[in-house]
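Shared chain: subunit A. Partners: subunit B in the first complex, subunit C in the second.
Coming up: the complex of A and B.
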């Protein structure tokens, strides 16, 4: 007899059960149970991923794509099946559109060098402008931290070469309407790149539905190892892009006169890659497929709602970033209290948050916040109880600091 | 543990009386509030030490051998730590400053605040005090 109640339970997301998969969450800090709310900086890792990495090093360790021996073939299988896993997870058309990188940063650098300006040093946008005379145009935001669509549309023209944007803002949690923006950009023949560092752990991403040309992913923000990431690139574009680094695997045939480039993705994966990182990423995707991801998303939204309401009731607390469409990131300031001091006082209570500029200084200038903000960023394993502990922790911090 | 510098030993003994972290930080914050007022017009870019998480402003001058420092931070905790640091180093002669390591920070369990990676400006202040003292010594020698 089929066990109906069990299958129903599987679709009911339970954050307490999910927590058991993340060993670091049972750490104690300053003698208190860890409440980890710095997920936008890096997420914790599931046991399933940790075991896959351990298994690779202890049972499968070999270089890939080279050996004829069994270990190398098994390692290669695991490595390449992670590519298939990611291809399916973000709904790319083909596995060749999945390039392994070190993370979003390398993905952006790869595109800026190889797509926008082949032959130049890999640099992000501002440096690219300095080197080429290109202009960096910035879309304005409103006081909620939402991009102004009128402003965006007024900047579109045939002169624009690329639209680059974050899917979700790390400092405010704003979910940008990337699908609509990509459609508008494509109507002007503008290439599009989306930074998916903050979206991947918290929402379904479908690159075909978004119709973007490039999508950059960091593993460590989505419960996978550090030092690994993915650049999704539209196949037609990758096909015409030159390599970004020289080394093994990117070349089909070498003579002293000339080398012939390999096809993507190998063309962009020079040298021995981060094999364990890729295998860990693959295991993380398997893990995410095994849980009720939609349930996790709904849970995170309920954390956001609860935290927004609870924090708003604290005297002198100002939420920075109140977009209508938002992920569970709460950036805030407290009257008369420096974010650094608040963070220190919360740390002593076992609560890990981020304070400062979150590497978004122009944004902090926009909001007139020279000291930056305090930022609590949630993940699926955070609980309503932890949000309440955060609120109590802020009250205690304020009492000490006031 | 006993520290060779009597001022630092004094600080350590004061902190031993404070049993939990809230009292220790409360004390640090109070010390910060008692810092001499730092004139607003001195809070210039030139006097600013860069920290990622908080900012510190400092002015220093030398009288004969001794180094006089005034400093403040936008963070209450860092201001308190500045007060402790000034208690150890302010108006002391350059030779003593250079030969006195800040052992008290470690001894009162606040090591992470002085770490260069913490980037709260306190380490930058310590380096600044040391470099002024070294410069003073170098001038004397020449």
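Coming up: the complex of A and C.
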């Protein structure tokens, strides 16, 4: 196994040094060096994580739990130490509050099935409403893309069962004031769920400080493998929730007449899990602990500041999402140019961004953007030079497309 | 024009020319055939409206949708080339263009190869989402011709 803690040599964050840990960043695209700014879709992966996954498959491969042989025990250790790593990283109270899922989507489905309507099939919020007669209420936003707190507070009542929100918006970068909102919701006895897909790679999250009931995490957005994620759940709530799926590990005792459920987290981890995903996630957390993460956060904020100023100077460019508290996501449109054509012209120059609706069509409707936006989303390994290349690339694309 | 012309040039010479002044853009009130096509690959949605006459020829054709310049240009070229063609001929042409855009480095049907504007879309090779956007009008039109008034994703 690579020695993960040895890389913490600098106290000053150096994005160029960090880049060396991410092999995919040296790829060339259409003959040009890759400038990767599609991090809100998925992040690149550090070599340390890739090696941990390779090590598992090539040296440790075995199924976990209940094994009586050495490989199984070692694989179980690696798997369970990833749970400890995540528990510590997000400051959960106990390791039993960490449930491995496939990602945020499965975490939300698990809560929707097991917490909100136990015993029934998992469904997204809208379908849940159709099937149960519940109502979906939506908090309004202002033109900056910030939630309107007055509107939010006016919607709180004892009739509200759950408050679900993103910590950071994927399409606009808005960092929502989730701590204050959770406190307000709790005062009304409302359960809270936070989608942390976009927050985890860019800020320190402390679930006890937030005081949320559920926090959903996707591994692949935070430099870990795809297909693995975490649902943090408050222990008291998990204890009373029925299983989400049937299968091995969720049951303590089986007879043909009756099965007794296991305790969390096993209760919610039926069947052989994504072992390599969990081990990769564990290695990623170790990696994040080994670098100057606070320095990375500050660096991302400087990228945001630089990019916001530079993009604002481009004629006909409109930034969508200008919240005062935001992460390094720049969503924008250019007059008379469809985002997809712009995206292709940037791709032609080796610059990878995302274009379209970013799975937030109601938001695009709100801003009157039928074609969606172009979105450049940064990570800690992006550089000021790359932001300048993006700006030059947009000028070049606009000269061709306008 | 050579078939190896680069992407920015094709954008400027062909795609944007159609995009600025597309043919047959709009809706058709008395359409006999209509289909809303969606492509997962490019994330765009476009509707093709057709009116077939008694001889099963395309008497009128329109397209609508807030689409990229590539899809817009491709739709504009398509409407010009299919107008007054028979239904069977049109289906064949739609299929041939889709085959061309699926693998633009292969030699296309003769009529496509000799069509300077259409064959220049070969420059989109290597840009899969743009190839999908270029194919969207043709696959939508094919569906429209084969199914009277419908809407499914493609």
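Here is the rule we use: the second predicted complex is superposed on the first by the 393 of 402 C-alpha atoms of A that agree within 3 Å, B and C clash if a C-alpha of one lies under 4 Å from a C-alpha of the other, contacts with A are read in each partner's own complex, and residues count from 1 in each chain.
What we mean here is this: contacts are C-beta pairs under 8 Å (C-beta built on N, C-alpha and C of every residue); 3 or more make two chains touch, one makes a residue touch a chain.
Remember, predicted model here, so these are calculated numbers, not experimental data.
Once the two complexes are overlaid on the shared chain, A:341 sits against subunit B and subunit C alike. Of the two partner chains placed around the shared chain by superposition, neither subunit B nor subunit C is touched by A:298. In the superposition on chain A, contact is made by A:30 with both subunit B and subunit C. Touch criterion met: A:400 reaches subunit B and subunit C at once. Applying the stated contact rule after C-alpha superposition, one finds that A:357 touches each of subunit B and subunit C.
The contact surfaces that subunit B and subunit C form on subunit A in the two complexes overlap at residues 30, 337-341, 343-345, 348, 356-357, 370-372, 400-401. Against subunit B, the residues of subunit A that register as touching in their complex are 30, 337-341, 343-345, 348, 355-357, 370-372, 396, 400-401. On the subunit B side of its complex with subunit A, the touching residues are 21-22, 25-26, 29, 52-55, 74-78, 120. For subunit C in complex with subunit A, the touching residues are 7-8, 11-12, 15-16, 42-44, 66-70, 126-127, 129-130, 133. Those residues of subunit A that touch subunit C in the shared complex are 30, 337-341, 343-345, 347-348, 356-357, 370-372, 400-401.
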